Structures are given as structure tokens and as C-alpha cells.
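Next come two complexes built around chain A: one with chain B, the other with chain C.
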Partner chain A sequence: MSEKFDVIVVGAGPAGTSCAYNCAKNGLKVLLIERGEYPGSKNVMGGVLYRKQMEDIIPEFWKEAPLERPVVEQRFWMMDKESVVQFGYKGLEWAAEPYNNFTVLRAQFDQWFAQKAVEQGALLINETVVTECIVENGKVIGVRTDRPDGEAYADVVVLADGVNSLLSKQLGFHREFRPDEVALTVMEVINLPKDKINDRFNLEGNHGTTIEIFGDSTKGNLGTAFLYTNKESLNIGVGTTLSSMIKAKLKPYELLDYLKKHPMVRPYLEGGESAEYLAHLIPEGGFNSVPRVAGNGVLVVGDAAQLVNAIHREGSNMAMASGQMAAEAIVEAKKDDDFSENSLNRYKEALFGSFIIKDLEKYKDAAHTFETYPQYFKEYLPMMNKAMSKFFTVDGTPKREKQKEIMRSVTAEKGTFKVMQDIYRAWKAVK
Partner chain B sequence: MHIVVCVKQVPDTKIIKINPKTNTLDRRSAPAILNPYDAHAVQEAVKIRNKTGGTISVLSMGPPQAVAVIKKSVEIGADLGYLISDRAFAGADTLATSYALSKALEKISKDNPIDLVICGKHAIDGDTGQVGPGIARRLDIPPITNVIEVSEVNKEEKYVHIKRKQIDGYEVIQSQLPCLLTVEKEINDIEYAPLTNMINAARYEPVIWSVNDLEDVDKTQLGLKGSPTIVGKMFSPPKLEGGKRIEGSTDSQVEQLMGILMERKDLLKIKTANS
Partner chain C sequence: MSTTNIEEKQFLLRFKCDTKSHLTVLDHDVCMTQCPDKLCTVFCPAEVYKWEGKRMQVGYEGCHECGSCRIGCPYQNIKWEYPKGGHGIVFRLA
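Here is the complex of A and B:
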């Protein structure tokens, strides 16, 4: 009775849908299984969708995808209690084709993307939880779901079930992640009329801004916050590694509340109406946490494989690209009718040769460095705010003297050697 | 046994917003769903078919997106689906809706004679409950409304035993087949569909008919033209105010409550069908 497919993809997020889309496009018989009421119904993202990897799958997607705003400005805030040092870039070349990136609401975007996979011939079923892979003779041959008569079979099962992938854990591909390998993030969607958003963020038409906030947004703990503009709402969120949260006894919703009331943030939200509250984990272990990604009859993609660049808040693009690489490997494997680990390792090779693993490798020590040496967030950011304040306050002191005084106060607090050491360490972690 | 269930796509009224200026439904604010009563109608058809064998067809009138409710019905267990979709049907009131649906039913029954039609008790948007009986009248079969149980289906001798909900109990009816039922939600629980149904539904493409695919249709009875209903005015009912809250220590709460009950003896009267 149970049907056999070429490919079963578990999870209709960007990784799974990308894989299903590309497999179906190549004529494979694909079943895409999603546990939510519809794709995206439970998915969470700050909201920046990168043009490049999406375009590789669907050229000129911006002409029809449900996007919020093209991002024309990116700001970075180093925030203290009552001050902020900011830098950023705004450029109108980002307001025209081919654009740079967009804000999106995942509940809409994922649904649209999954529909595209369906148009390519993938079969999508919702409200169905995959409970385990069916393994026979050391090979994954299908999945078992929570539905009556719930088995389905395939040559390859692709696990795109997101961060904390229970399915790849069951297969023994990875251990339980440590609290310093995942970030707990909470966010809120706040409705605000379009003209208010455009006024407050100094925007025209559908242009959008993203603000990444460091420092006091996490009360000095390792993590970041963000404030992004949608068409008629704002996404605001904050997260830190689970270990920081435990250590500092932070409650995520309290942190978000603190951020929303912060005097630097509050004016942007004024009068807005909270529409949605979401919480989600982000895999931030990076290079050192990437699990086994290929086995006999099985591949792991996206967040399930810990493919997130936390420093650059890139995740959805890595998910899509990895899904596409998995699809390419499956198409090749199908030609040889060989779905062994050896054959499917084509995916692993592609992944490790791509920007994904290269970027993760570049930053492999960053999170660890910043977590082990909390001074960056706890001391240097406030120092920077004080320095700026001093430098720009006009009080009759000559500028050169101000510079000296600033340097003196920084090194006095920490010692010249210590400061140099910290700078070198930070540079090494992100170079 | 051939059972046809009429299913309607409706906005999810649990979430839908009313445009305060025009007092009309803001249909964009809510996702479209299968009318909840109709889901129970399909489920009941599945229960009957599991005993008698045969085929379940579902029929819907609506825009092309209404394919979604047919697929949802296939998830629950329907075998075939028909969508009638055409500008000519747009703006139909209950009279025109039941006319169009009955014409489609006539066409369906030519291929496979219909033994039973099942509708929901009412649609959660239009809310009239008139379409089911309207269809029955046109097909000249008995309408049996407010059904809470189908206790027996005898396809050889062509009769059914039905329980109908009444204010103070239920009524047991025997009816000929074919007939038309409109069902209450309590008639069954929607079952968690097997995986094969989900896969069938994902793959299923219903038959879509335009007005010209139907036979012997009097086009003046369709859509807005065929709808004598005139919407005079729409308004949102006043918001319900929360009841009074009794607070204080347990003793004082009991005292206050007794005071209210002694004053308002009418609250203690047991409601009967006649009162």
C-alpha cells in the first residue's frame, strides 16, 4: 500500500523547499512533508532574505514573491544604556533590480516558495509530523509519520527539519547540542502604519532599513538584537546563546521587554501594536558543530546541519544553497542508481567547497572568543560610547587633547598590553 | 452507494476582521478554509461509505481557489471532486446558489446516480442554512436538517434512519433514499486522516466545470442576476460586555451571589421547549 518516492524531504522551510524544488524540476518524484498547518506557519526569522541564493533557484523571484521591503540601508548600533554609536550604509542602488536583500515575513514567504515547488511537481503535505526514519540494513529507506498507515518510502530521505533536528539525532548523526552552540531568540512583529515607518526610519516608498544592535541590547551578553522594517510592521528581536542566558539568569521575554523600553529603541516603536510573539533557536555552533551530513539513503540540510553564520545573520540563504546542493547530489546519484553514503557524499564535497563551509570556518572561533572574553560586549562597547560622547561634546578642550584623554582612559582601565591583546584576539577570530 | 457532499470555502470567521468603515467582511484578513460543518459532512460520508462501500463525490461552487476545499475533502476521505466556477455564478444568494448546485448534481448523477446528498448545517459566513433545503426542493428529494446521527443506511431497501436535533431532545426519522441531510458538528469527530489520503489529496485535481458544461441551465437564475436578495444594511453586533465579577472572601462571595439570585428569580427558571 505504502508508496515509494525518489525523494522524501522532511520540513518545508527554505532548505527543504529548495531541495524539493530542484529535485522536482529534474523530474524526480518528490514528497515534501511539513508538520505545520502550512509551510511557514511556525517558522521564525528576523527577516532578511538574501537575493543571491534565492535568485539561483528562481530567477527574478522579486517580481512575484511576497516580499516586504528591499533593504536600502543597513545600520549597526553599538548601544550603551543611554547612548548609541552607529555606523551604516544607505545606497539607492539597492532599491533597484537586482536588489541586495529584502525583509520578509516567513509565514507568507515559505508558503509561496513551497507552492513553487508544488508547481514543479513536488507533492506537499502539511499537518504531518515525521516521527522517525525507517532504517533497514544500515540504510534509510523511508519515513514513519504520526498518521495512521503513516509510512512512505524513498531512495533518499532529506532531513530539513531545522535546528535541533530530532531525526538526524535519532540516526546518531549528532549529539545533543551544548547550550553554547545554540542561541535562543525571541521576536515580536509590531504593526505600525506605513507612513509612520517611513517617517521614523527616513524612508521613501517601499524602501527598507535593517538595524543590528549590539551591547546593551543583550545587557552586555553574547548576542545581538535587530529591528527591521516590513511594509506595515516592524520585526524586533533579541537573542543570546543559551549558555549566556543561563549564566546571566536572563529570561528571553524580559530581555525583549528591556529592549523595547530602551530609550534608543522606544521612539521607533511608539504607538505600535504587537501582532505576534515568536521564539526560536538558532544553531550558532558554526564550523565546529556541523554534524555528519550524508549517510546511506539520507542527507541533512539547512539548520538541521547547523549551517548558520551567526556573525552575519545568514541562515536562510545557506539553507537554500545547501538544499540545492543536496538536490544536485541526488540527481547524480539517481543516474547511477546508487544512493549509498559514498555516492551521496557528493553533497558533502559540494558543501565543503562552497561559501557556506568556508564562511563558517572563517568564524569558527568567533563566538567562542566573545563568549570566553566577555569584555568586548561588557566593557569595550560602553567605552566606545563614552569616547564618542567625549569627542563630540564641545567644551573648549582641543580635539588632540581629547583624543589623548580618551586613549588614556581606555588603557588606564585595562592596561595597554591587555587592550592590544584583546584587539589582536578579536581580529584573529574574525579575520 | 454514491454520496455527494456539498462543500463551501469560507473565510475563517474566528480571525476575520470587519472593516469598520464599510461594515463588510475584510476577506483578505482571514485565510479561506473548508466550512467546518462541511468537514463533518464529509467525515460522515466516509463513515457511511466504510460500511456500505461506494463512492464519495464532493461539489463546490466558488472561485478557482476553492480547489483547496476539495483537496481538504479528499484528505478526509472523498474520492472525487467537482468545482463549478464561472463569473456567471458570482454574487449568488441562496436561491441562485442552490439552483447552480442542483444543476451540477443533476449532471453528476447522470454518470453515477446519487443516493444521498449531505450538506453542512450552515455556512459560517452566509449563515442562512438555506442552501441544503434549497437543493433538496429542486431535486425533489426530502430534506432532513440538523442531523446528529445516521444510525442506519440500507442501500438495498433504500432507506436511512436519522436522528435530528431538537431543542429538548432528538427526533428519529426514517426516510427514503435518495434524500438530503444537513449535519450538525456533533454528528462525528473529524478523524486524523491516514497518510495515503494526504498524498492522494496533494495529487488530486478536481473536475472543473464552467456554466457551459452544465446542461439545461437558465442563466437568468444564476449569480447576481438570479439573486432576489437585496442586502439592505450590514452592521456589527454590539460587543458583548463581560458579566459582573463577584469578588471578596468566599463567604462574602456566597452572600453576594445569594443576594443576586434572590432578586433575579428568573435566572433560576429551567428553560423548556415551550417557555
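Here is the complex of A and C:
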């Protein structure tokens, strides 16, 4: 295997495969290395794939990719113990081309996508762990794998090795991540017949719904839960920052079972058959945790570069876009035959000029704010539920008086100044 | 049936086990003397870690390779590697 390539990509997830696809399409000699039995066998995602960034790589991919359902409705739940405040949007423009997003099952999707890269000419090698980058004179020149004589060389090595990115840590691109920079998420795939899903979620044909659940879904800890519809199964999952999990001494699978048994959730799952249980970390450190992304002969993309917008559940789309930007930088670098950090910084410039870093920058203080001030999830969500209950319960009290009572109950508990302060702080964190 | 506990959840999974553990507790005394809560036994999503009074039992065969133990161990007492290529957990769906 000690062959010379133009590009070696480590990891055949959305970021790595996108990079490999675009490099191969531009005539570069690409080696794509995956540690799992097949691409997708180590990857986990709640299940929403955005159309735009995938379409930028493969136009009209929805005509052939293994997708579950186009999402026509997105709901948000603010849940308390026996109640929920909901809002959402359903629009049939999302049910037709070009669509907005789809639910997917990643083990199938990733295999399909990697196959597309192979069709462009990339060489895919599965079941191979890259143990380290080969560095010579301060430049990455290849990779060492766990195969006998398993060294391979290239002008550029792209690290798409996921949230744990041991390789970029080895290179000193980032220190070990802290427990508050990652979210531990567990999920289950639960089989349910199509007509049951359509009845329960009020859907027609192949239309899909996503529900994001805040509040009691994480027992008030910083995190979210989700319930997504596939063709003939549901994905249900829950995650919090690892630091919250540790602090609250939560067992993630017990939190998942708590959610599944929750009276607001249970009816959707009734009669379903568990098919798979999955755990994964999500890099949620945001803007402040983005590591160095370019070096001499090396680039970092996707989860490995912490490119996740947790508030908008965007990750795989950012992974794909970053992989494409990396490929474009490599193609340019190849023209100049210059693979120095200076040359490859084209990627960094593209990344920082794009929606990816702009969005991460926008929310850079959000996670820290909500972790430091737990009252938003722990106090305001239950208050909101109580307020709605009071307002909509007809008991002969005039509405204006009800409004006053609700406002009084909020400010009495916390004091007007505290409430104003909390509102201002939350607004500042997401503005 | 929908699962109700971790044993049932783990039973749904396919693993291609290596004979050698990819997870190593570096010093069991640290767990014993410095870590009263044995946090890894709480947050590990696959219940890989079990405290056996004097040492930490590591059931690496059921590991999801998420990385939480490496990041979450308060004493950086867990050496965490990937299983050999093609080994470890094999997700079939999501």
C-alpha cells in the first residue's frame, strides 16, 4: 500500500466522502480510508439531511439516494412532566422539489455516498484504522495504518475522522476536548408500520415530520431530544452535554427510557419494535472550539473540525460543505504544486467566509450561557407550561386578570429585575 | 417490543469483537482512591465499565466507540483507541 496519492482522506462520513468525491471528480488520485466494515457502520445521526449542501455536490441526489422521508413539518416542544407547549411549521412547498431536508438512515446513506465517490475514481479501503500521520520536516506526507506494511503517501492528508479526531489531536491542532464541548446522545430506531406513522403524525404518503423536544425530555438539563419519522420506523433520541450528564449523574439509556415512557411521547411509540440502539458524541463546542484546520500537507473537515450548529441541528450539511471547500483548496494547491499551510489556508478562508463559521460565530456564547444559567430549561419551560394551562383553562376568571396573574407568578418567583436580566442574557446569546 | 433497559438495547446490536481491548484503565488505584462516584460507570451509554470493588471491569466488547469515557474521566485515566480496522460495533441502521 505504500503508494503515492494526490490526496488521502481519513474517514468516509459526509465530510470525508464529500472531499474525496470532489477531488476525484477533478481528476486527482484519491485514497479514502474507512475504519468500519463499510462507510456508515461507525456513524450515528439523529437523521436530518439538508438538501442544499448535498445538492451542491450531487444535483438531484434525491432521485437515487436512499432517503427516508422529505420533512414537511418541523415541530418544537417545550415539555413539562405532564404537558407540552408546542409550535411548529408545516408547508407543502417542502414536499416537492427541491425539498428542504430529508430523514435518512446513515448506514445506508453513507454507503451510497461513498460509492458515488468510488464512481468518480476514488479508491475506498474499508476496515482500516489510520494510527498516525507521517510527518517529515514539519509536513504531513502520508498516513500509517493498522494494516501490515500499511503506509500510504500523498500531497495532502484530509482528516475527516470524526468527533474524536485522534489524528488532529496528535498533530497538536487541538487539546483534548472538555466534557462541556461535546454532547452525549443516545437514540433508538423503532420499527412501526407506515400507516401507523402516517396516522399518528397526521402525514400523507411519504411526507415526514421532525419534533425537537426541550425541557423535561432531558430532565431540565442542557440538551434536547428528538423524534423523527422514517419510512417504516421512528428515530427517538436524547442528548445533553457530557458535562451535564456527569453533573446530574444521568445514565443516558435511562434518560432515553424516561423519554420513551413520557406521557407526551409514549402514544407515538406504542406497539413499536426496537431495531437498533446507538450512542455517539456530537461536537458542540461551537466557534470557540474550532481547532486549527490547515497545516502543511493537512486539512481538517467536518466533526473533526467541530463544525456543528447544535441550535439548528446542522452538522452533516456543514461536514459536506467543508469537505467540498477542502477539495477546492486542494485542487488550487495542486495547480501551484504548493501544499504548504499558506497555500492550503485557502480552505480556512473559504470556511470562515461561509455560512458555517458565520453561524457558529453567531451562537458562540449560547451553549455556555444556557449551561451556566440552567434556569431557562429548569424554570422557564415549566413556567411557560403553567402559564399556557392557566390561560386556556376556562374558569370564569376574566382574561385580563389571568394575564396579570401569570405575569405576577413569574415575577413573584424570580423578581422583575431577574426576569428582565434573564431575557436580555438569552437574547444576547442567540441574537 | 420496545426496549426497557440497557441489556435489551445492547442485545439489538452487532459487534465484531477483537480479542484485545481498545480501552485500558491506566491505574485502578485512581478509580479506587480518588473517584468515589466512578463516573464512567454512570455516563457510559453501553455500561462498559463496572466497578468490582477493587478494579474496574471493562466490557469493551459492547463499546459504541463514542469517546465519552476518554473525555469524561476526571483523571484522564482511560486510554482510548479505535478497535482494529473492521472490528468493534457495526451499526446497521442510523
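Definition applied: the second predicted complex is superposed on the first by the 430 of 431 C-alpha atoms of A that agree within 3 Å, B and C clash if a C-alpha of one lies under 4 Å from a C-alpha of the other, contacts with A are read in each partner's own complex, and residues count from 1 in each chain.
Just so it is clear, contacts are C-beta pairs under 8 Å (C-beta built on N, C-alpha and C of every residue); 3 or more make two chains touch, one makes a residue touch a chain.
From a predicted model like this one, the values you see are computed outputs, not experimental measurements.
Student: Put the two structures on top of each other at chain A: do chain B and chain C fit, or clash?
Tutor: Because the two structures are overlaid on the shared chain, the partners are seen to fit without clashing.
Student: On the A-aligned overlay, A:Lys260 touches which partner chain: chain B = first, chain C = second, or both, or neither?
Tutor: In the superposition, A:Lys260 contacts chain C only.
Student: Let me test your reading of the model: by the given contact rule, A:Glu3 touches which partner, first (chain B), second (chain C), both or neither?
Tutor: Only chain B; A:Glu3 stays clear of chain C.
Student: Per the contact definition in the header, classify A:Ala65: touching chain B only (first), chain C only (second), both, or neither.
Tutor: A:Ala65 contacts neither chain B nor chain C.
Student: Return, as a multiple of 10 degrees, the angle whose vertex is the Cα centre of chain A and whose sides reach the Cα centres of chain B and chain C.
Tutor: 60
Student: Between chain B (first) and chain C (second), which does A:Arg35 come into contact with in this model arrangement: first, second, both, or neither?
Tutor: A:Arg35 contacts chain C only, not chain B.
Student: Taking the superposition as given, does A:Val419 touch the first partner, chain B, the second, chain C, both, or neither?
Tutor: neither
Student: For A:Val135, is the partner it touches chain B (first), chain C (second), both, or none of the two (neither)?
Tutor: So A:Val135 meets neither chain B nor chain C here.
Student: Applying the touch criterion given at the start, work out whether A:Met384 contacts chain B, chain C, both or neither, answering first, second, both or neither.
Tutor: Touch partners of A:Met384: none, neither chain B nor chain C.
Student: Which partner, once the models are overlaid, touches more of chain A's residues, chain C or chain B?
Tutor: The partner making contact with more of chain A's residues is C.
Student: Between chain B (first) and chain C (second), which does A:Arg147 come into contact with in this model arrangement: first, second, both, or neither?
Tutor: In the superposition, A:Arg147 touches chain B and chain C alike.
Student: In the superposition described above, what is the shortest C-alpha distance between chain B and chain C in Å? Please give a whole number.
Tutor: 9
Student: Kindly list the residues of chain A that each of chain B and chain C touches, one partner per complex.
Tutor: Of chain A, residues 127-128, 145, 147 contact chain B in one complex and chain C in the other.
Student: Hey, which residues of chain A end up touching chain C in the complex?
Tutor: 35-37, 40-47, 105-108, 126-129, 145-147, 163-164, 166, 176-179, 182, 184, 186-190, 233, 235, 242, 245-246, 249-253, 257, 260, 269, 272-281
Student: State the interface residues of chain C toward chain A in the complex, per the touch definition above.
Tutor: It is residues 1-6, 8-10, 12-13, 16, 37, 39, 42-43, 45-47, 64-68, 70-72, 76, 80-86, 88-94 of chain C that touch chain A.
Student: Taking the touch rule as given, give the residues of chain B at its contact with chain A in the complex, in rising order.
Tutor: Touching chain A from chain B are residues 192-196, 198-199, 201-203.
Student: Taking the touch rule as given, give the residues of chain A at its contact with chain B in the complex, in rising order.
Tutor: The touching residues are 1-3, 31, 118, 123-125, 127-128, 145, 147-152.
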